[in-house]
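So, here come the structures, one by one.
Across the two complexes that follow, subunit A remains constant while its partner is subunit B and subsequently subunit C.
Right, the complex of A and B next:
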């Protein structure tokens, strides 16, 4: 009996210590999370831009080699990312998460959403994009263009890329260090939300943001 | 006979003890069939009192297997670079995960499809001795 009381007291003590430890860890973590969101009352998961900035209307070529402008997607939400098809880690991770976001959208919202991957590698062609992008989802769009057009487009989105030597490997002469942001563009063609690479696993919350720019987010979740 | 030996060699449990290093949750990323490379991710757990280096590996599907790190350069820019080895600290662990450090499989002889299982032998070094960790890694 004495033994039981002793162990009860001990488990209470352990419980208290655990509670204190959780509070010590959780409170600063929550503060960091909210300060990262910028505004604790923001319903947006990504970094939301309340001001209206038209997204740069690039003019590139799709995986069938046909001219493709962002303007062609007016009326639809666009999830845009930059990369290259020889990229074995970041780009497949990004596109895999975006495929999961897309799957989480109801069919009516999928009809009004496009996922666009712009290759910033001059070695990529419409043909190489056609072998790469549909693997993640056959509705995804792969774009490429002249080095000048790609440079202009990337700069306009604040994205950057540069060649990096691939020493001692079979990765070709070089790999590409590149921006890993994903951009959400609203149906009016405005750049609305920015996601850091580390946020992409939260596919359900990104899907919520997509529904919100489409204006179909349940009103209960609006601010 | 050789095939039987090979099969026996690779018939190993999901959690592998190779002396001092245990590998948990290993997986290989399914990539488009045109890909020239893919990546393996896992957690390396070192049970020993000495650091263990993972220097590379071999597999029937890849001509070259090397440890690779991901670098973050600010403004969301990321790049990758080969390293001589991953060090797993004594009594410690090292996580290889998407968007981070990984084992790079290059010169792919075949691109392993989702649902397949890839035999892979990691090469380790500890205290001047070379070791091997035999893995059967699912592709997803």
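Right, the complex of A and C next:
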């Protein structure tokens, strides 16, 4: 028994260190990559990447349980975020802001823009996403998948997540700590702009970035 | 040395949904108005007009009148589902702020909301928020109006 506890504690410690290492390496690496590519005179509100980096073409399931690939959205701008439907604060706030961005786009641009929310919580099913996503906008897309596919997808975007003990209110057995970046992918499928959570209230400026990647707003640096 | 390395790693962890101690969660003591502008306007709008079919207007909200318990519970637990107002139905979700905001900030936010949209309502104290926070410590997040005991 003591040996099992020791082994569990060791596994948890290794897990914590691996998670922290991923967070320390992957997220800052993505930021540095974007920072190096941009410059201070950039007209972009988010961290813009002038280099061409194809966004990872994930293959997950949508809120109707149908297979969904990023490639299906070629020709459209994509605002992508990671989270989970039981998230008390970050996820509903993020999606609320992205809904506001979407509303600020003219109808022709809305037709060419998709907001995609990937749940990294294995408790979330297509059915729970189908209830959750329309709270913000019924055109938003909620995705889920196997733990392996979700892990691969999150790592490919430098996103990190892990289970954490539930505290206080009834949130189920656990909650999830996760990174909070939002990604803007251009119609050619390239990862172009990265937003920090704190930037999201600037919905008009994010909408301007979306129009730029769609090529409907003048920019000195068209993608 | 090992402890120092661990602290460094922990300091680099990303912003997340994890309930974190107050000083790390909010950079600086935002007042009620600033909190409203930063956290509420995506849905409620700066003028409190709300969003068609999703978020009802704050003006005329019964939650901004009378005893503050219902409003403070909603701020702490969040809320989801249908709300009817003046013949219109709204169906949205509101975040829970119990892990982010202190009792003083929720009191300040509540008072700002009431000052703007129902100035006759009495002021809400930090102690009142603390009491309601304790009473709802194990309550389910995102209750519906029915689960909150409110009329739809």
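Please note the rule applied: the second predicted complex is superposed on the first by the 176 of 223 C-alpha atoms of A that agree within 3 Å, B and C clash if a C-alpha of one lies under 4 Å from a C-alpha of the other, contacts with A are read in each partner's own complex, and residues count from 1 in each chain.
Here, contacts are C-beta pairs under 8 Å (C-beta built on N, C-alpha and C of every residue); 3 or more make two chains touch, one makes a residue touch a chain.
Since the model is a prediction, treat every value here as computed from it, not as a measurement.
Of the two partner chains placed around the shared chain by superposition, subunit C is the only one that A:203 touches, whereas subunit B remains out of contact.
In the superposed model, A:156 lies in contact with neither subunit B nor subunit C.
Look at A:180: by the touch rule set out above, it reaches both subunit B and subunit C. Residue contacts after overlaying the shared chain place A:100 against subunit C, while subunit B stays out of touching range. Touching of subunit A by both subunit B and subunit C, each in its own complex, is seen for residues 86, 88-90, 92-93, 96, 132, 135, 160, 164, 167-171, 175-180, 197. Put simply, subunit A touches subunit B in their complex at residues 85-86, 88-90, 92-93, 96, 128, 131-132, 135, 158-161, 164, 166-172, 175-181, 196-198. On the side of subunit B, the complex with subunit A involves touching residues 29, 31-39, 63-64, 66, 68, 70-71, 73, 75-82, 98-99, 102, 104, 106-107.
Note for the complex: subunit A touches subunit C at residues 17, 20-21, 23-24, 27-28, 83-84, 86-93, 96-97, 99-100, 132, 134-136, 160, 164, 167-171, 175-180, 197, 200-201, 203. Chain contact summary for the complex, subunit C toward subunit A: residues 9-10, 12-19, 37-39, 41-43, 54, 77-78, 80, 91-100, 136-141.
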